[in-house]
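Okay, got some structures for you below.
In the two assemblies presented below, subunit A is common to both, partnered first by subunit B and then by subunit C.
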Partner chain A sequence: MAKKSFAAKIRNEYSQLLVPLVALALIILFNLFRDPGFFSISLAKNNLGNTVLQGNLISTLNGASELAILAMGMTLVTAACGGQDISVGAVAAIAGSVFVKVLRGSAGVTPLTVALGILGGIVVAMLFASFSGTLVAVFKIQPMIATLILYTCGRSIAYWINGGATPTVESPIINSIGSFIPGIPIPTPILIVIVVGILFSLLFRFTNLRLYTQTVGINQGAARLNGINSVGIKLLSFVLLGGCCAIAGVIGVSRLGLINHETLLLDVEMDAILSVAIGGNLLGGGKFKMSGSILGAYAIQALTITLYAMKVPSTDIKAYKAIVIILIVAMGSPVVKEQMNRLWKKLAGKGSAAKFRREAA
Partner chain B sequence: MENGVVLSMRNISKSFPGVKALQNVDFTLRKGEIHALMGENGAGKSTLIKVITGVYPRDAGQCFVEGIDGDVVIHSPEEAQERGISTVYQEITLCPNLTVAENMYIGRGKYNFVKWKDMEKKAGALLDSLNIPARPKQQLGSCSLAVQQMVAIARAVDTDCKVLILDEPTSSLDDKEVAMLFKLMRDLKARGVGILFVTHFLEQVYEVCDRITVLRNGELVGEYEIEKLPQVELVAKMMGKELEGLSEIKSSDKAVDSGTPVYQAQGLSSSDAKPFDFKIARGEVNGFTGLLGSGRSESVRAIFGADRVTGGHVTVEGKPVKINKPFDAMKHGIGYLPEDRKRDGIIADLSVRDNIILALQVMKGFFKPFSAAEKEKFADEYIKALDIKTASADTPIKSLSGGNQQKVILARWLLTHPNYLILDEPTRGIDIGTKTEIQRLVLKLADDGVSVTFISSEIEEMLRTCSRLIVMRDRNIVGELRGGQLTQDQVMRTIAGGAE
Partner chain C sequence: MSRKIIALVVSLILVLGACSALAEGIKVGIVNNPPSESGYREANVKNFEEVFSAENGYEASTFYSLKNDEQLSAANQFITDGVDYLLISAAETTGWDQVLADAQEAGIGVFLFDRMIDADPSMFEAAVVSDMANEGDLAVSWLLDQGLDEYNVIHIQGAMGSDAQLGRTGALDAAAADGKVNLVVQQTATWDEAEAKKIVESVINSGEKFNVIYAENDGMAKGAVAALDEAGITHGVNGDVIVMGFDCNKWALRELLAGNWNYDGQCSPFQAGVIDEMIKTLEEGGTIEGLNEKGQIINEERGFDATAITEEDIETYGLGE
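Then we have the complex of A and B:
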């Protein structure tokens, strides 16, 4: 009995991760057959003289960083509000612009000014996110409609902040955020994802964010009758997503050393939503698993890198990506899951019957 | 078939998984009569209507319709309409942005090619003949609710209508509008239409109906002519107690009147409840009773701050407090088990454990989560104490049976150690065994000094547990019974309006 409930626990808790894991595994397996060299990781000296790790796997992990961070925030908004924020790219561009503005406005790029810039970006992004959040939580506007406002005008706001097309910031500090910290061979964005992931897990460990968010997402009326302030929880989910947008924006700016308000994290919102969906999270809200969304983000990036490695022309990539995504999404669909469950039960049933016969004999 | 009968249902049975919604029910509707279908929640009224109109297929029984030979099987509401059975539902299911005429004719198969002029003419003629104060070209949304309701009826009777089913048509109308609707109903009756009328307003039944069929728990109680069934007997039949044999008087001295009330409200009102006064003493079990829609649930929701509180003066343990939202009530030691378990109680996808600790966790605070071990301990303790049947504490609550779900919600509130616990229909839809367990639990809580307000549709259950009953009718408190007055007879008389 105890053993069975333990198995049930594993099934309850982790079956959701099956789809993103299988998707990721399939993409990796495909690459294994296509070109084992895909997996080679080598140490090399980059043009700044740092010893760094290189290889397709590293660039997948590195390239997915912004997406992974946004997917974490998107998971919360999805769970609490039962809808998605489509303005994350635009808000990231605003935060990136604030970051650049602070740096260009101060005397020099020092650790202090960078910290101030990041802080400024986070505060501004959170303010914009709480604007969307207020529309959703207080005025009960559907999230996609509420965030359509910033989706539409966010990049213009980003442009106004600096007033120029692509202002640059050059400094070794910026470089070490966007690529490598001297002496550490792992790309910094990967480390930032880990830090954000840890922050979220601390938040789940030391507050009731998960319980409240899920309760509000599953049954808002009952949440209220149990004393939960569902408006506050929805607002909080947006504010946290705003923070994620700011961090993603800072990474994006630091990679290039400049802000291009038009192209920074363009179209990332759809990938972020897709990550949440691939991660097995209900887009209608409720129970969620952030790790699923993170895996989803890496699966999407692995797919993109694979297609690049296969020398698919960049103009065609989106079409191929779409085909694979259809497969992944179908794999996670209730109909397919039901069929798989039936198949699984059949197999398990046969297995235990065989076992029973053996024991009887 | 008997002469003058337009619809006859014989031995109708219908089951849903785990519930026998109808068992061998007969129903007869005669030409030119208004026939009330009465029963408390879960009596089977709406199931019967849905069987008549073909929304649900029946499991057993026969159906005869005037002018059609033999047993009639109806597969859909459209087919019912073709056979002369039309229905108007409680919520108006027309389109407010279309005109009256459009609403009357659109969606009718034979009007695939619409001749607007003809349509308006026909609509005008029909509205005139039924004395409905609406113009064909008027937008429906600009009419009052009653007129909209009447337009819906006009739409229903336009086709060769023999049977008209009105499902709680008066629930959102005021007295004047109800009078208008009744006039229309009498007109239709004079034309020979048989009308099946569902309402929970007793006065309306006696004002307009000729016969009453009473259902209870999916079974037929009987068919009565209106003059032969006084109001108080109707209530008795709906609640399941015959008047004779109700003489046993339960003496209960459980009422505690001395000392500061645990909770007291004066003139408390909410968006859904009219102002009322109420108090409860330590260790007292009292109850709100009244028929469905009498306002009993709305009143306790106001106490807990579940609906928007609009006024009133509240004291807890003698100290004035403001309770505007559930969290305020929880802080003052009040717990509330809602009437609709599925909609307001359970967090379906969360585990039994999370469902148990939810309220206490919220009271403890956002930044102070219980450790996994503490949660485990609380959950295990209450799963054991209330004998909740679940595979494990990790099981999602939605996969438990109704009775066990209810115990989980009870556990949630018991865990907060409330001073005052409100239980709205805690025993609805759960098996007898669990019902008695819950009743026993309520009495034990009272012994431990917890004040309990208990609401149940089953009057017997309330008499067994409560020492004071507050009786409501049409959203007003119409009486308070205690001690020797606590008899089924007296309660029903008070509900029916026969009390001094």
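Then we have the complex of A and C:
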């Protein structure tokens, strides 16, 4: 009996991750058949003389970093507010612009000015996010409509911050944020994702944020009656997402040492929302699993890298991506899940019945 | 006391009148797209502000918008204000017939720059425009002059269907069709630097050989170079891979000067000088010559080679800062 409840617990806890895991597994399997060399990882010396890891697997993990970080924040907003923030790309562009502005305004790029720049980006992004958050939490505007404002004007604001079309910053420090820290062969953005992930898990471990967020998401009236400040929880989810945007923006800028306010993390909001959906989270709010969203982000990136590797014509790439995503989302839809469950129970039922007959005989 | 004030006012009016009489230059109304549109537009706007200044004998009024209807009403206002010349870079090619007719009736000379309008050449004095195909041809002929044994090109395209993309892609496609170059990969990164990096990364990971990167703007070339740097592939002058970009941002030209890139092509945003000369010719009673059958003067395009570029070129032709 105890065994069964344990198994059920595992099923409950992890069944949500089934969809993104299966999606990832399918993409990986497909690539293994297509080209067994796809996953080979090699060591190479980069042009700065550092020994670094290379290969499609590293490219996937590295390239998905910004998306993974945004997906974590998006999960929280989705869970608390039952809607999505479509301005994450624009807010990341604003934060990236602030980062570049601070660096270009100071005498030289030193660890201190970089830290100040990152801090400035985070603070500004959190302010903008709390603007959207206030509209959602206090004025009860639908998240997608509230964030439509910054989605529309955010990139113009980013332009005003620096003026020039594509200001550049050159420094070894920037380079070690965006590509490799000398002596460490793993791309820094991957490490940053791990750090952000740990920070979130610590937050959930030592505070009641997860419980409160889920409660507000499921029934905010009941949450309020139980003494949970639902306005505060919703606002907090936006502020945390703002922080995620800033980190993603800083990574994006540091990869190239350049900010293009028009193209930095362009259309990333759609991928971030998709990551949350592929991760099996309810887009209507409530219970959530951040690890699902992160897996979803990697699945999307793996798909993109696969399509590039297959040299799918550039004009067709988005169409192929859409087809695969339709399949993944359909796989995770409640209707399909229920059908699968029924099928599963039928099979399992037959199996145990056969076992019972055997035992009786 | 009141007499003093009257005297003061009268003298002020006189001074102001004298000033405005002094500033009496050629009145031009400039309708353009806003500088925030792109680095190109920023340089374009700056160029017109510098050339059509009070020092050069002009009295310029400007209006910037991305919207055709706002541009149209601004142009109407300029005609009402009685400008001598109207300079237009239209947001859209249509809808300008009435404005052009009104201007002609009022005896206002119209110049088009950068962007054409669907109109009969008799309706305007001249159009100074870029030939995007010419820009691509210039770059590809430079590439073919490099005398490589084989050309294995990674081609990173801009937003599909834009003028710049069509011109820059056309020339390379033609060379590939003639068998002069081999396109290892041809993908659009939609002007997105990070996407350009991913495309080059995927080629590197596949192990395919390439020795040329043809990126349709500077940002994407920078993204491509970031991928090369991480993979330890040398590039630029004396490097294994030739790097080509477009737009001639100052920072990009500095990469050329440092030998990290090989070529940067430009769709020149500097049309003000040509229009200035034509206006001066008209003012002296001359006629404008050298127009083609569409009433256009094709802007001179440039391409810079890393081995020949100078600091002076960067200052003169570079965009941005």
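Criterion: the second predicted complex is superposed on the first by the 359 of 361 C-alpha atoms of A that agree within 3 Å, B and C clash if a C-alpha of one lies under 4 Å from a C-alpha of the other, contacts with A are read in each partner's own complex, and residues count from 1 in each chain.
We take it that contacts are C-beta pairs under 8 Å (C-beta built on N, C-alpha and C of every residue); 3 or more make two chains touch, one makes a residue touch a chain.
Values in this document were obtained by computation on a predicted structure and should not be read as measured data.
A.B. asks: Could you classify subunit B and subunit C on subunit A, in the superposed arrangement, as clash or fit?
C.D. replies: When both complexes are placed onto subunit A, subunit B and subunit C end up side by side without any clash.
A.B. asks: Taking the superposition on A as described, I'd like to know which of subunit B and subunit C A:Ser293 touches: first, second, both or neither.
C.D. replies: A:Ser293: touches no partner chain.
A.B. asks: So, A:Gly227: does it touch subunit B (first), subunit C (second), both, or neither?
C.D. replies: In the superposed model, A:Gly227 contacts subunit B only, not subunit C.
A.B. asks: Contacts for A:Ser254 in the overlay, against subunit B (first) and subunit C (second): which applies, first, second, both or neither?
C.D. replies: neither
A.B. asks: Could you say whether A:Thr215 touches subunit B, subunit C, both of them, or neither, answering first, second, both or neither?
C.D. replies: Only subunit B is touched by A:Thr215; subunit C is not.
A.B. asks: With the two complexes overlaid on chain A, check the angle at subunit A between subunit B and subunit C, Cα centres, nearest 10°.
C.D. replies: Taking the centre of subunit A as apex, the angle works out to 120 degrees.
A.B. asks: Scan A:Asn46 for contacts with subunit B and subunit C and give back first, second, both or neither.
C.D. replies: Touch status of A:Asn46: second partner only.
A.B. asks: Mind telling me which of the two, subunit B or subunit C, contacts the most residues of subunit A?
C.D. replies: Partner touching more subunit A residues in the overlay: C.
A.B. asks: With both complexes overlaid on chain A, does A:Ser179 touch subunit B (first), subunit C (second), both or neither?
C.D. replies: second
A.B. asks: Would you give the minimum C-alpha distance from subunit B to subunit C, in Å, for the three-chain superposition?
C.D. replies: After superposing on chain A, subunit B and subunit C come no closer than 35 Å at C-alpha.
A.B. asks: Using the superposition on chain A as set up above, list the residues of subunit A that contact both subunit B and subunit C.
C.D. replies: none
A.B. asks: Tell me, which parts of subunit A touch subunit C in their complex?
C.D. replies: 37, 44-48, 52, 54-56, 59, 63, 156, 159, 164-168, 178-180, 187, 252, 255-258, 260, 262-266, 304-305, 308-309, 311, 313-315, 317
A.B. asks: Name, in rising order, each residue of subunit B that touches subunit A in their complex.
C.D. replies: 304, 306, 325-327, 330, 336, 338, 343-351, 354, 358-359, 361-363, 365-369, 391-392, 394-396, 412
A.B. asks: Over in the complex, which subunit C residues touch subunit A? Could you list them?
C.D. replies: Residue list for subunit C touching subunit A: 36, 38-40, 42, 157, 160, 185-188, 190-194, 197-199, 201-202, 204-207, 218-219, 222-223, 226, 228-234, 249, 251, 319-321.
A.B. asks: Spell out the part of subunit A that touches subunit B in their complex, as residue ranges.
C.D. replies: These residues of subunit A touch subunit B: 5, 8-9, 12, 205-209, 211-212, 214-215, 218-219, 221-229, 286-287.
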